[in-house]
Structures are given as C-alpha cells and as structure tokens.
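Here come two complexes built around chain A, the first alongside chain B, the second alongside chain C.
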Partner chain A sequence: MELNNLYQSINLILPEIVLSASLVILVLADLIFHKDKRLIPYIAGIGIAITGAFVINQFGISGFGFQSTSQSIRNYGLIAVDSFGVFFKLIVIASSILIIFFSLSSSEIRKIKDRVGEYYALIFGMILGMFFMISATDLILIYLSLELLSLSSYVLAGFTKLQDRNSEAALKYLLYGAVSSGLMLFGISLVYGLTGSTNLYVINSLIQGPHVNLFTLSLAIILIFAGIGYKISSAPFHFWTPDVYEGAPITITAFLSVASKSAGFALLIRFIKTTFVSYINDNGEWTLINVFDWQSVLIAISILTMTLGNFSALWQNNLKRMLAYSSIAHAGYLLLGLVVLTNQGLLAILIYFIVYLLMNLGAFLVVMLIANKINSEDIDDYNGIGYTSPLLGVSLAIFLISLTGLPPTAGFIGKLYLFVALVDVKMITVAVIALLNSVVSLYYYVRVLKHMYLSKATDSTPSIIPTFGTGILVLVLVIPVLVFGIYFGPLVNLAKSCLVIIGF
Partner chain B sequence: MMGFPILTLITFLPVLGMIIILFLKKEQGNTIKYTTLAITAIQVVLAIILLTNYNYSAAGVYEERSFQFIEKFRWIEIGGISWLGTVKIDYFLGVDGLSMPMVLLTALISFIAAISSLNINHSLKGYFALFLLLDTGMMGVFVALDFFLFYIFWELMLLPMYFLIGIWGGPRKEYAAIKFFIYTLFGSIFILLVMIGLYFSATETLADGTKVFTFDLLQLMNSGNYTADGILSPLNPNNLRFVAYLALFVGFAIKIPMFPFHTWLPDAHVEAPTPISVILAGVLLKMGTYGILRISYPIFPDITRDLMWWIAIFGMVNIIYGAFVALAQKDFKKLIAYSSVSHMGYVLLGMASLTSTGVNGAIFQMFNHGTITAMLFLIVGVVYDRAHTRGLDDFGGLALQMPAYTGFVTVAFFATIGLPSMSGFISEALVFVGAFGVDSIRVITMISALGILLGAGYMLWTLQRIFFGPLNQKWATLKDIDSREYAMFIPLTIIIIFLGVYPSAMLDIMNTSVNTLVNFLHNNFTVSSISGL
Partner chain C sequence: MAQVGLTHFLVVSSILFSLGIYGIITRKNAVMVLMGIELILNSANINFVAFSKYGNLGINGQIVALFVIVLAAAEAAIALAIVLNIYKTYANVNVDEIDHLKD
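Presenting the complex of A and B:
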C-alpha cells in the first residue's frame, strides 16, 4: 500500500481515530481517578463532541479508504466515506450524547458508580463498531465491526448486575448473537468462495456476469441477512429483543433501540445498494441485479416484522418490553423505505431515523425518569401519574402519539414520507397493511395514556418533578417532535442532502 | 375585510385560550371557565362579523377567486432535485357557501357547549384546555382548503376527544373513548392514502410556470391538472379512482356515522359528558358529510355520478335502521344517539340526489341537526344532572314538576319530528323534494319518508313516557331549569324557530355555492368511468 494512499485513508477515518483515542483516555482516566469518578462522563461527552466535529467536517467529502493495490479493480477500498455515512454517524453521535445525559440521571447507573469508567469505555466500543459498520464496504470489515459492536453490547446489557434479569439479558443476547454472527460468517465464506472477493463493489461487478451459482449465492445472502437482521431486530431474528430490552439498563436499551438499529440499517442499505444494484435511473429508481429478489423478501420481512411487533406489544404490561416490541414494529416500518428500492424510499428512511431518534429516546427517557422514582416499569404503576407529574406525563403522551404517527407530531411526517414512497411506486396493498398496523399500534400506545390519565391519582401515586437538567433534556426532545410535526421543511432538506452513497 | 386574517383568528383563537389556561393555576377554576366562555363568545362574534361581510353571490366550490376571506401562503417548500420534484404545501384557508354554515354552527355549538361545561367539577384545567384544542380542530376542518392542512385538523381532534370522553365520561368511558379513537383513526388512514394518491396524480402550475404536485383541493378539482399516468388521474386508463372514492367515502362515513360504521356513536354519546355529546352530535358528525361534499364530490364527480344510487341506499338504511333502533331504546341518551344516525341519513339522501334542492336541503339539514340535536343532548343532560338516571321508564309526569323544561323539550322534539314552523321541517322537506325529483332514487325516497313516521313515533312516545301521566313521586323534588340552562336553551330555540319561519336566512348563504357544485358535478370529469376495478 502506498504511503500516500495510507495518508489519505487516515484522513478519512479521523472520527474513528478520535473515538479510539477517547476510549484509551477513558480507560486511563478510570485508572487515574479511581476514587472519584465524577469526571468520567464529562470526558466521554467531550470525546463524543470532538468526534462529532470531525464527522461534520467530513460532510460533502466522498472517497474510499484503504484501497488495495493488489486487486484488479483498485478504486474501491475497505471503507467508504460519503454523506449517507455521515448522516448515520451523526445519528449515532446525537444518540450517544443523549445517552450520556441519560446515564447521568439514571439511578441504575448511579448505583454502579465504581465501574462507570468501564461503562463509558464499552459505550465507546459500541460507537466505534457502529462507525465502521456504517462505512464498511468489505465483508470482512463488516463482520469485524458487527462483532465489535456486539461484544460491547453483550457486556453492557448485563452490566449493572442488580437483578437476575440483567444477566438473563446478557446471556440471551450473547447466545442469539453468537448464532447469527456464525451464520453470517458462513454466508460471507460462501460469497468469497463464489466470487473470490470480499469487497462489495467487486462482488457487484462479478455477480453481474453469467457464471454465478444462484442457489449458493441466495443461500449466502440469506445467511448474511441473518446477521444484519439480528442487529435491526427484524423478524424472524427478533426474538432476543424483548428480553434484552427489558433486562438491560434503560440507558443501554435506549441506545440499542436507536443507535445500534440505525447502524444496522445503514449497513443493510449500503450492503444492498452497493452489492445488488446495477443501475439507478433519473427518477431515482434502483434496478437490481437479477440474482436475488430482494424486493419480495423485504416486503415479506417488513410486513412480518411490523405485524409481529405490533400484535405482541398489545399484551405487554411492562413499558420497557412494550417499547421493545414497538421498536421491532418500527424496524418493520423502516424496512418499507428499502422495499420500494428508490431514492424516495431512502429519503423516507433518513427522515424517519431523525424522528425516531427523538421520539424513541424521549419515550425511554421518561420511562427511565419514572423508573428512577418508583423502581418499576409496570403499566399499573403508571395509574394517575399524568396528574401528579404533569411534565413527564404530557411529554410521554406526545412521544407515544408521535410513535403512533398522528399529526401534528414529527412521527406523522416520518410515516407520511414512507407512505409517499410506497404510493409513488404503486405499492398500495403494502401501504394499506402498514397503515392498518399503525391503527393496531394506537391501541397499546394509548393504553399507556389510559393508565396515566384515565385512572385517578391516589395518595400513593408518586409525584415526579424532574430536576432542572432532566427537565431541559425532556424539553430538548419534546419540542422538536412538535415543531417538526408542523414545520418539517428543514428535516426533509437535511435528509435530502445526505442521500449520496458513493459508487453510483 | 381583505387582508385581515379573520379565519386564522377564528381558528386559532381557542389555542390562544388554551395557552392562557395552561398558565392559570388549578385553583382558579372560575377564571378558567370564564376564559373559555369568553373565547367561544369572541368566536361567535367573529362568526357574525364573517356573516355580515359575506358575499352571498360568490360561489367558491372550485374557483379560488370566488372564495371569501382567503388566506394563502407557502407553509412548506422543499426545493426539487433530479428525481424529486419541488414539494410545496400551502396554508390555505377560505370559506364559501358550503363551509360558511358549518363555521357558524361550530362557533355557536362551541359557545353553547362552553356554557354547558360550566358545571364540570373536576380537573378543570385539563378539560377546558382540551375543549379549546378540539374547537380549533373543528373550525380548522371547515376552513381548510388544502388537503394536507385539512387532514392535520381532522386528526387534531382525535386526541382531545379521546381524553374528553375518557376522563370526564360515564361508567364505560374507557371503552367508549378507545372505540371512538380506533374507529376514527381507521377511517382516517384511508383518507391519508387517498390524499397521497391524489398528490401524485395532479400538478399545479406555479407563477413561474413550473408544475409541482399539489395538495390544493381546488387544483385537484380541475380535471386539466391531472397527469397522464397518475394512479388517480382520469386520463390513466388503469386508474384507481373508483377504489379511492370508496376508501375516502369509508373514511368520511365513519364520522357521519353511516351504517354499518355507526357502532362507535351510541357508546361515545352515552359515555361522553353532556357538553361533549353536544359537540359530537352538533359538529363532529357534520365533518363526515362536509368532507364528502368538499372533497369526494368535486374531486371525483365521475364516480359520484355512478354511485349516487348507492349513497341514497345507505342514506335510506341510516334513516330507517336508526329510527327502528331508536324505538327500541330504554336509555334517553341512547335514543337521541340513534335518532342522530337516522337524521344524518337525511343528509346522505339529500346529497345523493345531486340536485340543487336536495343538496341545499342536505347542508341545511346538517345545520339544523346540529342545533336540534345539541338541544336534545342538553335536555338529556338537564334531567340526568338532577335525577342521575336516564331510563325512559323511570320517569313520568315531569311536565307538572318542570314546566319550563317541558316547554323547551317540546320545541326540540317537534323540531326533530319535523313540524312545520321549525327548521327541521324545511330541511327535511327540501331533501325529500330534491330526492323525489330524481327518477332513479324515487322509490328509495318514498321508503325513506317512513323515517318521519317512525321519528314521530319514538319522539312522541318518549315525550309521553317522561313528561305526561302521573308524576312519579320519587321526582317530586326536582327543580326546574336554572339561568345557566336558560342561557343554553333560549338561543337554540330562537334559531330553530327563526330558521323554520325564515329559512332563506340560511339557504341564501349556501344557495349560490350549491348550484355551482351541482353544475360542476354534472359536467366535469367526463372522460373516466369505473375502469379502475
């Protein structure tokens, strides 16, 4: 590898380098300040902020890093930097910063304050894994980044060790994760055997040729999808989600449900678009290489995911578990944007992720603040809480309404763009199924409102007045949900400028 | 009045009131109540100002320049890129003869409901804040001329309604509230789909000559704006206009409520507190029929012509079925609820005739049903507040005990039956005259006329059971109506009798627009047929 090439590549991974450096600093700081660890979260926050600055700096750049000189097609590298990647990295950064604030106010995390250095270091491990997942264009790097993310998440899921369910979550997560990453690795080896390459762009050009064994290739693709589907918790790889989400500390659950899912989606989109799309026409419609019918598979998975998620959520009495199923359902909605195989659909996914970040983290934040006080996420303990804790009650109501997708909240705009993308390619039946799903989801979201407001407050109903800081945090999430619901121009413009996936 | 944003004011004034209320303290119960009352009173004043400045000869319907009090500016604009056209959504308000009566009705009923709400006695702050939000949603639906804006207002009402029924309602309030919510959301997803479909089917030419997709209802009514391959474009031989019409119709029919989508209504009405029942019956039900007149009819005139017979059939079923079920009721409030189902059937029948007389009758019936049913629900509220029961057989001889109350009840009941000199008579007569004149639905009209007979049956029987005969001694201590209740009944009584004697006061407002609409329906969108099946 030429030195010049290496230098350029290092420029492209500056955010990742900063992240790694911060990770090292965090570990060192944990050793130095082992008596008083109050500074650790702030160090972590600064590390993420600097990373964020470097990510923003990459906006508008596109290029490949770590290009190989040995291959015949030398223009493609291990990682791709483009505005699509920058967008998802920013989603990760934004949720990481919020998660650090969440952690500061979480009583669960306060109980383990001796080990808080490891906690943040592992979060950095997750972020690093996500960053590489978002920009990886090589199957080996995809696998490695996925494992880096997963290993950190397994530990974090059971990190608090306060209850049995923490360990249960970690173990279940590990077992499911091990199986799906094994399947994925097998799929990767099959692809390598078929094409002799692990680079997505090379594979793209090779599978367009006539000598591809379609059966083996399809098998390999399904196996690889198992690994990615597990990360985005799409059916039928979603079974770990409720248990892990319920058992993990709420901060980690929230982080998994937004950041980890967004990285998984970025990977899935990049994987499909770079490997299987041969041509994009002027209307932004993608033409697939005729080796694997992604569209039908994605339609089936999307509908299955949202329907299973929504119907299972109907019966949940634990808010965390309900939100877990709801996040499965949302993975289903998000897949709709990919089903259509158009730029319009991609746009819808990006918009939906901004909205999803706000409303889902918001819902988890309120659940966490309530759990801090009453030490429970049981829906019956929410009876009358809307009267005794007005700010949290109203905020949770707004987040849940937004998750349902009713105007005038941002959730409606997210859903609207997905349905616009569907109607644009005339997939009316799919749109109707998705819309009926959102009617189903209304029932369980409103069930929470029912407990909060339709049940009378009793003397034992806790009154939870957030501190100044957490109050601001709640408002930071609530206000955009309302504002973007009424004035969504900036949202769409931002997403529109982040559609570039290099290669086409 | 040009330039003064009076429609924005009348629509968003309640939101202002809501914000004021949210800043008041819980203990300031009376301030909260009177703020709401003042806001709704100002709304009535604004509605009267609208009326005095209203041009009776301007048609509106599909023509932007003959709409009145127009406010239009760009709300969302997203620049286009190669594969994505410019997205623009307008904040577009205006009234014409179809919406003006509804704006008046909304202002009036909100005011009456605010008076009726004065005896709400717990969680006042929440109640009145939600009440005002609901008010904004209702008013917005009637003045919005952009489909997207219309939809936002349409959905805005769901949540306040859910809470108003669910928190302040009767014993089965939770069930009724969620049933209402899920039913109406189910309806509105179809409206949403059709909205998106229409968006991709028609373009609007901007001032600089570029063509962009549009949510503007008036542009969607122009058959010349449709693209050749849009899924809801009449020019596309494989269009889905027929399916879309049905979907849209179901969305609106749930709100009317049309048989067989009416089952949420008795539950919601029976469980809702009196003022909310008043709003539900007085205004919300009208949104369904208004939506059909404003959106389904002029955007899909081709399908409307094809399906008018079916709409008439459903109108007839509503009339007869509602009346029969009302006859069987033992609960006063449920009886009124089913009488609503029956009376909204007249609206459907009048609309189905596609004649000036019939449609005039339909809109007039919407207004009259709003005032009369509002009064009926208030009447139920009065007796329920005192006796805490609504069983029709629990009473008897109340006329002796509450003579003034009985007087108002008699007026309202006779207006419901359609006694001449009451407003209900005129509108029902117009509906029947209009529908009878159309050959294809003449038989349907004749059968529907039975509804009048049945209506007289259940209303008079109710009058007899509750008010006549010997006084049930249990109720010998009931007081006659107080000044607050007089304040609710008198304006409604005056309007009911005034419009019965001088219907032109209302008919003139809508007549020009209705004639334009009917002409439009018969002469536009002639290329398409039911080819989308």
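Presenting the complex of A and C:
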C-alpha cells in the first residue's frame, strides 16, 4: 500500500471524518450528560458547521480517493470528489442544519428529551451515509452507503413511539427498503460476474466491448435501479412514501423528503453518467453506450411518477400525506432533467434542488408549527387559519404556490429551467405532459389555501404566534423563495459552476 | 462424476433468490418476510464468491461477501427491534393487518 496515496485520499474525505468524529462525540456526550441533554443539539450543530466548512474547502478540487494499487485499473478510486458532489453535499448540510433547528422547535422531539442524544447520533449516521452515496464510484461502496443511510432512517422513522403510526411507518419503511436493497445487491453481483469489477469506470470501459450479454446486463441494471428508485421514491418503488411520510416524526419526514432524495439523485446521476455515457460533445449532450436505453426507461418512469403522485394527492386530507404525494410528483419532475441527457438538464436539476430544499422544508416547517399547537395535520382543521395566524398562513401560501411552480416564486424558475432543457432537445410531448401535471397539482395545493382563507374561522381555530426563533426560521425560508423568484442570477451561476462530474 | 462448476453455483443462487422473492410475496408474518430478505442477500453472496473463484477475479468478491454478511447481521438486529416494537403496539406481526395508515 502506498502511504502517499492513502494520505491524499484521507485529505479528500475530511468532511466524512469530521462527521464520524461528531457521531462518536454525540454518543459519548449522551452518556456523559445523561442528566441534562440541552447541550446535545448544539454539539450536533457545531459538528455540521465544521463539516460544512470542510465541504466548502473542497470546492474546485477534483480527484479520486482510495485508488486501486493494481496496474490495470490504476486511476480509478472508490470515491470521486468533484464540484457536482460538493454541491449535493452542501444541499445535505443546509437541510441538516435546518432540521436541527426544526427539531429544537418540534413538540414531538421535545417529548423524547431523554433519548435526544440517540436521535442526533442517528441523524449523523444518515448524513454520513448520504455523503458517501454522493461521492461513491464503486458499486460496493454505493451499496454500503445506501444501507448506512437506510438503517439509520428505519430507526428514526419510528423513533418517537408517541403514536401507533410511528411504529407502523418504521415497519413499512424497513420492509420495502430491505427488499429493494436486496434486489440491488443481487443486481450488483450480476454486474460483478459480467464485468469482473465493481468500479463504475472500469465497468464503463468493459461494457463498450462487444462481448456483453445484454439480457443479463439489462436485468442487473433494472435490479440496481430498484435500490436507487426506492431512495428517490420514483414510480414502481414509491409505495412506502405516503405511509412513512405520514407516520414518521415530521422533522424526519422533512429530512427524508429533501436530503435523502437529493443523495439518491446524486447517486443516480453519477451512476448513469460514469457507467453508461461514452462521450460528451461540445454542446453538453451525452452519448449513451448502446447497451441499455436509459432515455426511454427514464421517460416512462418520470411520467408515471409525476402522474401517480399528482393524481393520488388530489384526494388526500392529511397535509403530511399530501406533501408526500407531492414529493413523489417532484421526483418525477426532477427525473425530467436526467431524461434529456444533457448538461443543460443537469443544470436544471441542480437549480431545482436548491429551490426544492427551500420550499419543501418551508412547507413542512409551517405544517409542523401548526401541528405543534393543534396536534393534527388534517386539512379541515386549517379552516380560517390564514386570518388567525397571518405569518404562518401567508408563508404556507407562498411555499405551496412555489411548489406548484407559479411566478413570482422560486419554484417557477426551477420548473422553467427544466422545461427549457426539455424543449432544447425537442421533447415537446414530454414537456406538455409535465405542464398538464403542474396544472393538476395546482388543484390540491390551492385547496389548502381555500381552507385557510375562504372558510370562516370558528371559535376553535387556534391563533398561532410563532416564537422569535421559529419566526426567524420561517422568514429564512420564505424570503429566499421570493427573492430567487425574481433575482435568480446567483442561483444559476452557482449551479453552473457545479456541473463538473469527474470523468475519464 | 461431473465437475462442480460455476453454473451449479449460479443455479443454486437463482433458486435461493426466487425462494426469497416467493417468501416475501406470500408470507404474512413480518419475521418470515425478513427471512426471505436474508435468502436474497445470501443468494447474492453465493454469486459473489462463485464469480470471484471461477472467474479468477482475485479475492474481491469474497471480501464483498464478508461485508454483506456483516451488513445482514446489522439489518437483522434493527429489523427485529422494529418488529418487536410492532408486536408491543399491535400484539401481532402480520404485515397485512398493520395497515392503519390509509384513507
């Protein structure tokens, strides 16, 4: 083993090392301060802040870590650090910080204050899994990181145990997750048998050769997609989403819907880009290796995902469940950016993720603050709430309009870039279907607004005045949604500088 | 007697995989579903070890199998804890009866 190589690799995974160290410190702090656990959220926050600093420090660096020492496959490592990865890591960091603030103001999490150390330790387990998922370029590391993320989130989904629905959510998440990761592992074993390697770059060069059994390879790819599709809750693997999102504590629901999904998308994009793309021309169009027709498969999955998500959301009365279906629909929109197989589409995905982070976390935050008071997410309990609690009402309205994709909010910019990418490659039909889907989504988002503003407030309608801290938190999310809707130049520039996926 | 080759191992692993899927689909008891998942993981393990032995691919595949064994143990621990919690809440572990999150 070359020590020099190892030393360089360790430099590349400094954020992950900080995360692991913070995880250990959190577990120890949980044991040391077992009388009074008020310090623990701050320790978690500091850990994430230091990790974030190290991630920002990686901006512009690109390189492989943990390279193989054998001569033939010399240059490819287990992990790749590039600005694409840094972008998604920053999305995860931003949502983690917000989730810690959410947890501080959530009544569900406050009720379990004696187990709060485990709660944050498990969240760090999730973040660590996501970090490795984002940068993994080896199928085994992909599988291991996916499991690390899954195992922590199974426990968190049923963590509070305050209601029966918590444990049911954990069981459903576990069963669907374990089955799809098992399928994924079987697919990985088939790819290993076909190519003799688990490294994505090596697989890429081997499947360009003539002697590939296409049937087995396609089967293996579909099995691997089962594992990734489950993480991003895309169509045939989305059944867990509504139940888990409704049953899990709302902070975890929000975290799953943003961070876990973004890590899954980073993995899917990197998997397709490094394994199946043979050539990228000057216009940024990707040429696929002629072994598996990703484009048709992704078109079908993306249309199915958004249609199922949007139409099922129409009948939901529980706001958490409705947001779950809406997040399925958004996975469908995001897949559109990958369907086009161009750098323009990738840019659209990155922009959409910044916007999605703000508006989706914001919607969950407002639902959580209202649920803290009335202990229900039922849409009928929201009657007239827009008049009795003006700040939360207006904010929720802005978040929902942004989720629909109407101007002047940031959601419009996200959708605009996706549609532009589609029209650029002349996929007009797909764009029209996506547009019609947005129209359908308008119905269920506006239905919430109708309950909040057009129904009369009764005596039982609570008036919720957020505390100073939560008020700031709502504003931190709502102001960017409005600002980026009009002044989106910096957003686009940031995304443009993060398009680099380390190649060959 | 015929030499045992790669094909034999692949047949065994495919049978295990199919049995695992069958178990997951037909069984109602959550513990039995988890056993089906274990079968799938082990069929993949057999694949890894067989491919690395007969494909002369070094010991990579066997090391992967070791990783998967450890992971399966961790997953079983978490899964059984969750099933135990379900049993405390609902007094049974049948997956088709635990279906209250619907409207």
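The criterion applied here is as follows: the second predicted complex is superposed on the first by the 502 of 504 C-alpha atoms of A that agree within 3 Å, B and C clash if a C-alpha of one lies under 4 Å from a C-alpha of the other, contacts with A are read in each partner's own complex, and residues count from 1 in each chain.
Assume contacts are C-beta pairs under 8 Å (C-beta built on N, C-alpha and C of every residue); 3 or more make two chains touch, one makes a residue touch a chain.
These figures come from a predicted structure and were not determined experimentally.
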Tell me the contact category for A:D243 with respect to chain B and chain C: first, second, both or neither. second
For A:Y443 in the superposed arrangement: first (chain B), second (chain C), both or neither? first
Thinking of the overlay built on chain A, is A:Q316 touched by chain B (first), by chain C (second), by both, or by neither? second
Quick one: is A:I232 in contact with chain B, with chain C, with both, or with neither? Answer first, second, both or neither. neither
Please indicate which partner A:Y192 is in contact with in the superposed arrangement: first for chain B, second for chain C, both, or neither. second
Partner chain in contact with A:N283 - chain B first, chain C second, else both or neither: first
Quick check for you: in the superposed arrangement, does A:L19 touch first (chain B), second (chain C), both or neither? neither
Residues of chain A at both interfaces, chain B in one complex, chain C in the other: none
Name, in rising order, each residue of chain A that touches chain C in their complex. 140, 144, 147, 151, 154-155, 158, 161, 164-165, 167-172, 174-175, 178-179, 182-183, 185-186, 188-190, 192-193, 196-198, 242-243, 246-247, 315-318, 321
Which residues of chain B touch chain A once you look at their complex with the stated criterion? 75-79, 81-84, 87, 123, 151-152, 155-156, 158-159, 162-163, 166-167, 173-174, 177-178, 181-182, 185-186, 189, 192-193, 196-197, 199-200, 231, 240
Residue numbers on chain C that touch chain A, as the complex places them: 13, 17, 20, 24, 30, 33-34, 37, 40-41, 43-45, 47-48, 50-52, 55, 57, 60-61, 64, 67-68, 71, 74-75, 78-79, 81-83, 85-86, 88-90, 95, 98-103
Can you check the complex and tell me which residues of chain A touch chain B? 282-285, 342-344, 347, 387, 401, 406-408, 412, 416, 419-420, 423-424, 426, 428, 431-432, 435-436, 438-439, 442-443, 446, 449-450, 453-454, 487-489, 492-493, 496
